[in-house]
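Residue numbering begins at 1 within each chain, and the chains themselves are lettered A, B, C, D, E and F in the order written.
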Amino acid sequence: MSAEEKQEYMDQIMVRAQTLIEALPYIRDFNNKKVLVKYGGSAMLDRKLEESVIKDVALLKLVGMKPIIVHGGGKEINRWIDKVGKKSEFVEGFRVTDRDTMEIAEMVLNRVNKNLVQMVENLGVKAVGISGKDGGMLHVDKKMPDGKDIGFVGDIREVNPQLLDTLLENDFIPIIAPIGLGDDGETYNINADDAACAIAAAISAEKLAFLTDVEGVYRDPDDKNSLISVLDMDEAEELISQGTVQGGMLPKVNNCMEAVRAGVGRVHILDGRKEHCLLLEFFTKKGIGTAIISKENGWYENELED
Amino acid sequence: MSAEEKQEYMDQIMVRAQTLIEALPYIRDFNNKKVLVKYGGSAMLDRKLEESVIKDVALLKLVGMKPIIVHGGGKEINRWIDKVGKKSEFVEGFRVTDRDTMEIAEMVLNRVNKNLVQMVENLGVKAVGISGKDGGMLHVDKKMPDGKDIGFVGDIREVNPQLLDTLLENDFIPIIAPIGLGDDGETYNINADDAACAIAAAISAEKLAFLTDVEGVYRDPDDKNSLISVLDMDEAEELISQGTVQGGMLPKVNNCMEAVRAGVGRVHILDGRKEHCLLLEFFTKKGIGTAIISKENGWYENELED
Amino acid sequence: MSAEEKQEYMDQIMVRAQTLIEALPYIRDFNNKKVLVKYGGSAMLDRKLEESVIKDVALLKLVGMKPIIVHGGGKEINRWIDKVGKKSEFVEGFRVTDRDTMEIAEMVLNRVNKNLVQMVENLGVKAVGISGKDGGMLHVDKKMPDGKDIGFVGDIREVNPQLLDTLLENDFIPIIAPIGLGDDGETYNINADDAACAIAAAISAEKLAFLTDVEGVYRDPDDKNSLISVLDMDEAEELISQGTVQGGMLPKVNNCMEAVRAGVGRVHILDGRKEHCLLLEFFTKKGIGTAIISKENGWYENELED
Amino acid sequence: MSAEEKQEYMDQIMVRAQTLIEALPYIRDFNNKKVLVKYGGSAMLDRKLEESVIKDVALLKLVGMKPIIVHGGGKEINRWIDKVGKKSEFVEGFRVTDRDTMEIAEMVLNRVNKNLVQMVENLGVKAVGISGKDGGMLHVDKKMPDGKDIGFVGDIREVNPQLLDTLLENDFIPIIAPIGLGDDGETYNINADDAACAIAAAISAEKLAFLTDVEGVYRDPDDKNSLISVLDMDEAEELISQGTVQGGMLPKVNNCMEAVRAGVGRVHILDGRKEHCLLLEFFTKKGIGTAIISKENGWYENELED
Amino acid sequence: MSAEEKQEYMDQIMVRAQTLIEALPYIRDFNNKKVLVKYGGSAMLDRKLEESVIKDVALLKLVGMKPIIVHGGGKEINRWIDKVGKKSEFVEGFRVTDRDTMEIAEMVLNRVNKNLVQMVENLGVKAVGISGKDGGMLHVDKKMPDGKDIGFVGDIREVNPQLLDTLLENDFIPIIAPIGLGDDGETYNINADDAACAIAAAISAEKLAFLTDVEGVYRDPDDKNSLISVLDMDEAEELISQGTVQGGMLPKVNNCMEAVRAGVGRVHILDGRKEHCLLLEFFTKKGIGTAIISKENGWYENELED
Amino acid sequence: MSAEEKQEYMDQIMVRAQTLIEALPYIRDFNNKKVLVKYGGSAMLDRKLEESVIKDVALLKLVGMKPIIVHGGGKEINRWIDKVGKKSEFVEGFRVTDRDTMEIAEMVLNRVNKNLVQMVENLGVKAVGISGKDGGMLHVDKKMPDGKDIGFVGDIREVNPQLLDTLLENDFIPIIAPIGLGDDGETYNINADDAACAIAAAISAEKLAFLTDVEGVYRDPDDKNSLISVLDMDEAEELISQGTVQGGMLPKVNNCMEAVRAGVGRVHILDGRKEHCLLLEFFTKKGIGTAIISKENGWYENELED
C-alpha cells in the first residue's frame, strides 16, 4: 500500500468506527428489550430485501435486544391455491378457508418459516421456527363475521407466552407463523397483523415494527415531505377524525393504536421496501418511518418537535 | 345402581388401581430419563395407531420421563412427488434429491411434524415441533455414496443439543423432523433412523425405541414363538455371523447396535402396528419386542433368562 | 407359549395399557399439585391396608404430585398407656395429657412415623419423617376447654412451612406426626385432623384427603346408594341445617368445610378400609367417596350432576 | 448507677467485646465448614451438660458453620430393656439385638433425637431430627461377627447424603439417630461412632468431634500434664506401636485415624464432661482436647510445637 | 503448667465460652440483617480506635450480618486544603467547594477509603471500596442554599443500590466514600451523614449506627447518668419541643428520626471514642448509646422500661 | 427538506446501516468474551483520546463483550512527586518507592481510576473502579532486583478473581488500578503491564490489548509499510533471535508472548494515539496493529496471509 492508499484505508475504517460509536446510545437504551417485527407482504417478495431484514434482526439480537419475528405468507399462499386449481368462495368479503385451503396455507407458512430460520442460522445466530400450535401458544375462537361461517379462520383468545419466554431467555430468536389451535382441536389461520399485536401485548414488547409498503403516516397525504416521525395517540385520533388518515392507512393506524393501548411501548410503521429499514428507524434520531407512541408509556418530552 | 352393579363397578376400578400400582417400579426407575422414539413408516399410516403412539408418549411425559419424537415422512413424500408429476432419478440405488424434491420433502415433513404437535397439544401436554435447522441442531456433510452426487441428502456431522436441552428442561416434548443444514447453507434430507441414533447418542438417552413393522428379533426366524425379549450385544453379533439376522432385519439390528455403542442405555425394536406398543414394552417385565443391551451399560443380571 | 397363551398374555397387558392411558387426564391435571393425606384410625390397623395406602402415596409422588402424610397414632397410644398401667383422668370430656402420657404418645407417634417412612423407602421412593417440632413447624397454644387445664394438648397457632417446602422441593415425601412446641418450650399433642387442616391451608394444598371409616356423605343416611360424590359448600350447609349430616359425621364435615374455606382446593372423605382408596378417588371420574368443594375454588361446571 | 457502678459495668462489657474480637480468626476460618459432633455416653446424662453442648452447637451454626449432630442413646436403651424385663443374649461378646430389642432401641433413640431437636429449637435455631431411614440415608449390611448372627445390627455400606445436603443448604441443623435400613427392608441398629465416621467422610466434613469421657490422648498416660493438643497421624501410629495408646483409648484413636484417612480434615477427642467443650476446643489456640490431623490435610506448620 | 496454672487457664477460657454463649441471641436475631455504620470525625483520628471499629465491623460480618461502612474524611480534607495553601470562601455559612477543593476532597476520601479496605482485608475479611460514582450509585442535585451557588456540593436525588446489592450478596463489605455524580457529569461532594441516611433507607437497613463524639441523648443534659438507651420517636419529638435536645445534638437527632421514618429499623447514636462501641451497643441488652426506634418498626414491648 | 436533501440524508444513514451490518460477524464472534485493555502512557495524556478509548470500551460492553480496563498513572505520578519536591533515589536502575512515594502514587492512581469510572458512567454504562486491594484481588511479593530493596514495589504472586467475576457477571465494567497487598499488610505498587498480563491469564481473557505509542511490530523496522497484522509465536521468536525486534519493542513483545503462553487467546499491540484504535483493531479484518497469537489457541488458518 502506498502512503495515500494507507491513508484512504484509515479514513474509511475511521468512518466505520465513528458510525459504531454513534449507535452507542441506541444500543444502550434498547438493551434486553423485546422487539417484535411483523414481516410480510411486499417486503417478502424480494430476496435482497429479505436478506436485509434478516441481517437487521440478527444484528438487533447481537447488540443485546430480544427480537421476535411474526411473518405472513406473502403472496405465496394465493399462488399455491391457484396452482392446485382451487376456487375460493367469499362470504361477507372474507375468503372462506376450508380444510384444503387451510392445509395449503399451513404448508406455505411453514415453508416461509423454516426459510427465515435458515437465513438467520446461516448468519451464525440461533433461531427457532414455531407456529402458534407449538407449546399451545395461540388459542383461537372461530371467527364469525356477522355470524357467518368462513371456515378455519380464528381470532386469538389467549396467548400462552411460556414457549416464547423459554426461547428468549435461552437466546434464540423466535420466528412465528400465525397459526393457532381451536377448542375443537383444529388448526386455524390468523391474520398476521393481529397475531403480531396480540403477542407483542402478551409479552409487553418495548417495540412492535410493521414492515409495510408505505413510508409511514403523512400530515398531508399529498405532500411526501410531511411524513410524521413521532405521532402521539391524541394527534393520531385527531388525524383520523379529520379524515387525514383514511383508506388503506386507517386499519393500519388503528392496529398500531390498539397495540399501544395494550401496553406496547412504541409501534413503528416502516417502509419494508427500504433496505435496512429496521436499523434506520431504530438507530437514528429521526428515523425513517412513523412511530406511534403514548405519553403514558414514557416517551421523551422533546421528541414530538424533532 | 343396584348392589350388584355397584360391586361390578368397584371390581372394575379396583383392577385399574392394581394396574397403576404394578406400573410403580417402572415409573420409578425411568423417572427423568430421556427416551427417544423413532416413529415412521407403517405405524404412521393409521390414524388410530398414530393416536395410540401419541397417547403413549404423552403418558411417558406425564409420569416423569423426558420423551422425544423423531419422525419420518411415511409414504407421504413419495405420494406428493408422484402427485406433482415429478420423475425421480436414481444413482447407486439412491434416489437423487434435487432442489424440487427437497422442497416437497420438507413441506411434507413439516406437515407431519405440526400434526404430531397438534395431537399432543390436544391431550393437554406441551409439545414443540422443530427440524434440525432450528437452533442449528443438525449440521450435515453432503452424502456422496461412492463419490456420486445424489443431491440434498446429508450425513450428520454434528448434533448441537442446546435447543433440545432447553425444551426438555422446560417440560416440552420436542418433535423432530430429520432435516439439517449443510456448510453451503442449504437444506438437506437425513435418514430418520440415522437422525434418531445420532440425537439419542448426543443427549445420552436412556432408551431409543424404533417403531417398526416387525415384532422384534427371532432366535429362529421361522418360529414366531422364538422372539427374543432382551438381546445382549455379544449374542446379537453371533446371530448376525450365523446368518440368523439377515435381510431387512440386518440394517435395523446394526443401527441399534451402533446406538448402544454410542452410549444409549437400551435400544428397542417394537412392532409399531400394535396399539400402545411403547407402554407394553416399557411397563411390563417381559415387554413385547426386542431390547438390545450391552452388559457395560448396566442391565440387570437376571434379565437374559426371563 | 402356545398361540392362545400368547394371545391371552397380549390381551392382559393391553388392558393394562388402556388403564394407564385412562389415567392420563388425572395425572396431567394434578401435576405438581400438593396433596395432603390424613391417615389414621381404622385404616392403620391392618398391615395390608397400610401397604395399599403407602403404595398409593408413592404412586402419586411418582406420577408428579407432591403428597404429604399426616398420621395419627391409631389405637396404639391407648394400648401403650394401658400397658404401662397408667390411669387416665378426664376433664370436660377430654383425656388429660400429663407429662408421662405425652411421653408415651410421642414415642408411639414417632414409631408409627418411622414405620411409614420405612415402608415408602422400601418401595424405592424418598420419604422423611418429621414432627411439628422439627424446623419449628408447628407452634401451639395450650388448649383450655372451658378454661380447664387438660395438660399437654395444643391448638395450632402458627404453621412455619419452611421445612415442608424444602422437603417438597427436593422431592421427598414428608410424613408428619402431629406434635408441636408451646411457648413454654414443652411438647404438645395435637389432634391429627386439626394438624392436617392447618398444614393443608398453610401450604395451599390442592387436595386434602381424610382416610376415615365411613364411605362418605349420604344424601339419605339410610340409603347406601345415596352417597354424594361431589358436595358443594352450600349444599353441605343445607344438609347440616336439615339434620341429615349429624352424629359422628358432623365434626368430620365441619372440619372439611373449614379446610375448604381456608383455601384447600378440594377435601375428600374416603373410606380408608378400602384398598387403594386414594387412587380410586383421584383417578376415576366418579370416585368412591365424597369430595367437598367450593364454587369459588374453581371446580368444573358439570361435576355436580355426574 | 453511680459513677463507679457505671465504670464497673463498662469494664465488664468491654471484656465481653474483647472476647468476641478474639474469636474473630476462628469464626473466619471455619465459615461454611461442616462440623460433625458425635454426642453420647456420659455427656448425655446431665441436663446441664446437655444444654451446654446444644448451646455450643447452636452458636457454631449462628457464626456460620454447618454443624451436624450424631447421637447415641446413652444408657437409656439398657435402662428400658431392663424396665420391660427383657433378658439379653450375648454372642461373641456382642449383645444380640432381636426384634423386640431393636424396637425399644429405636423408640429410645427417637426420643433422644426429638429432645435434642426441641432444645435447639427452643434457642430459636432451626433443627431437624432424622434417622438413617429418612431419605434412605444409611444403608447397612447385616453385621456377622465371625459369621454369627447377632440380630438387627448393621455395618454401613452406603451413605446417601442427599437429605443431609438438602437440610444443610437450607440452614437446618441435622440431628441424626444411628439407625439404618437393610436390603431386607428391616431396621438395623448402628454403632454411633461408626455412623459419625461414615457420615463425616461421606460429606467431607472439616471437623469431627467425639464428646467422650476422657480428656484426650496423653503422651504419658500417668502424667495428666502430658495431654497432646495436636497429634499427627505418624505420631499417633508411633504411640500405638509403643503401647502408649492402649486399652479403651485404642479403639477411639483408631476410629479417629480412620476418619482422617477417609478425608475428614481434623478429628477431635474432647472431654464431653466439660461445659462448652466444643467452644473451648474450636475457639482457642491451644484447645482443651486432642486434635488428630494429617499433614496431607493441610494443618498449619507451627501447630505441632504449640 | 502446674495444676493451678492449668485451673487458671481453664477458668479464663471458660469465661470466654460464656461470653460467646451470651452473644447467641443477638447473633441469631441480626442474622443476614443489613447494618450501616457511619464512621467519621473524631473516631477516625486515632489509629487504635480505627482498628477497634474495623474489627467490630469484620466480626459483625463473620457472625452473619451484612455491614456497610459510609465514611467521611475526618479532618484530613481541611488539613490538605491548608497544606496546598488554598483559601476557602464561604457563602451562607457553607464553604464553597470549587473544582480544586473537590479534587482534594476526592483524593483524601479515596485514600481514607482504601485504607479502611486494607485494614479489613488484613483481617482476612473481604471488603470493596467504592464511591457513589461507581456503578452510578449516588446521583445528586446541585445544592443551592437560599439559591446561592456553593460549588460542587450535592444533595442525593437517587440511590441506585444495584452495585451495593451485588457486593452484599457476594459477601463483600462495601466501604463507601460520600461522593456522587451530577446530571452535568461532574463530581459532587455529599455530607456523609446524609449519604448514610439515604443509603440506609434505599437498602432498607435494619440498623444505622452513627459513630459520634457524644455518648448519646440525655434526658437531662446536665446529668451524665440520664443517658437514654432506647428512645421512641414520640418521646424524641417531645424532647425536641421541650428544648431538651438542642444545639449540636438537634441536627443529629433530626437526622436519625428521618432515617427511622424512611424505614430504617433502628438508628443508633454511639460514642465512637469508646473502643468496640459497635459490639457493646449491639451485643448487650442495655447497650452503651441511644437507639432511636419507632413503634411501627416492631421494637419489643418491654424495651422502653429497661 | 428538499428531495435532494432527503436523498442525501437517506444515503448517509444507509452507509451507517451498512457499517453496522459489516460489524455483525465480529460482534457475533466476540459475544460474552472477556477483553482486557491495558491503558496508560501517551494515550492517557490527551482528553480527546481518552474519550475515544472510553467510548470504545463502552461500546464493546454494549455489543456483548466483557471488557476490563487496567490502567497506569500516566506521567501524573512523576508530576506529583516533583510537585511535592520529593527527590527520587534509584537502585539497580529502579526508582525506590518509599512510603511517601507510594502514598502519592496511590492517590494519583485512584484519581485516574475514578475519572475513568466517571467517563464511562457519563455514557450511561455501569463501571466500578477498584484496586488490587479491593476484595484481596492482588497479592504480591516484595520485588527484590538482585536482592536489593527498592521499597513498596511488588510482583504479583496470586490473583484472586472473585471480585472481578462478581462484577463481570453483574454487568459492570471493572476498572483496575495496579496496586496490591503484601503479606506484611502494606500497599505495593505493581507495573501496570505485569498486572494486565497476570489478570488476563487468571480470568482466561480472550483478548488482551496494550494501548502503546507504537503502531505495532514491523517486519522491517525501517519500512513503515511492513507492519505485521497477525504474528505467530514462532515467527515472533524468530524476529527476536534475528534482532528485528529489539530496543523498547523487545520487552513489549516478550510481555505479549508470556500472556499468550499463559492462555490469553490473542494479545494486541495497538497505537493508543489513534482514535478508536480498539474498534479499528477488533471490528475490521485487517486491523490496525499487531495481534500476537498461538496456533494452539485456535486462530484461523488463513489469517497469516491476509
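Observations on the structure shown:
As a convention for this text, a contact is a pair of C-beta atoms (placed from the backbone, for glycine too) under 8 Å apart; a residue touches a chain by one contact, two chains touch by 3 or more.
Predicted, not measured: the structure shown is a model, and the values here were computed from it.
At the interface between chain C and chain D, over half of the residue numbers appear on both sides, which makes the contact a same-residue one. Legend: contact pairs of E-F compared by residue number with C-D, A-F or B-C; the interface matching in over half of them is C-D. Set against the C-alpha centre of chain E, every other chain centre is closer than that of B.
When chain centres are set by their Cα atoms, the one at the greatest distance from chain C is F. Our note on geometry: chain D versus chain F, Cα centroid distance of 54 Å, whole angstroms. In terms of their C-alpha centroids, the spacing between chain A and chain B amounts to 38 Å. Distance between chain D and chain E, defined via averaged C-alpha coordinates, is recorded as 42 Å. From chain D, proceeding by way of chain E and on round the ring, the chains are encountered as D, E, F, A, B, C.
Of all residues in chain E, only 1, 6, 10, 13-25, 27-29, 31, 55-56, 58-59, 62-64, 123-125, 225, 275-276, 279-280, 283-284, 288 touch chain D in the complex they form. The part of chain F that touches chain E in the complex is made up of residues 103, 106-107, 110-111, 114, 117-118, 121-122, 126-131, 133-136, 162-163, 166-167, 170, 172, 179, 181, 185, 187.
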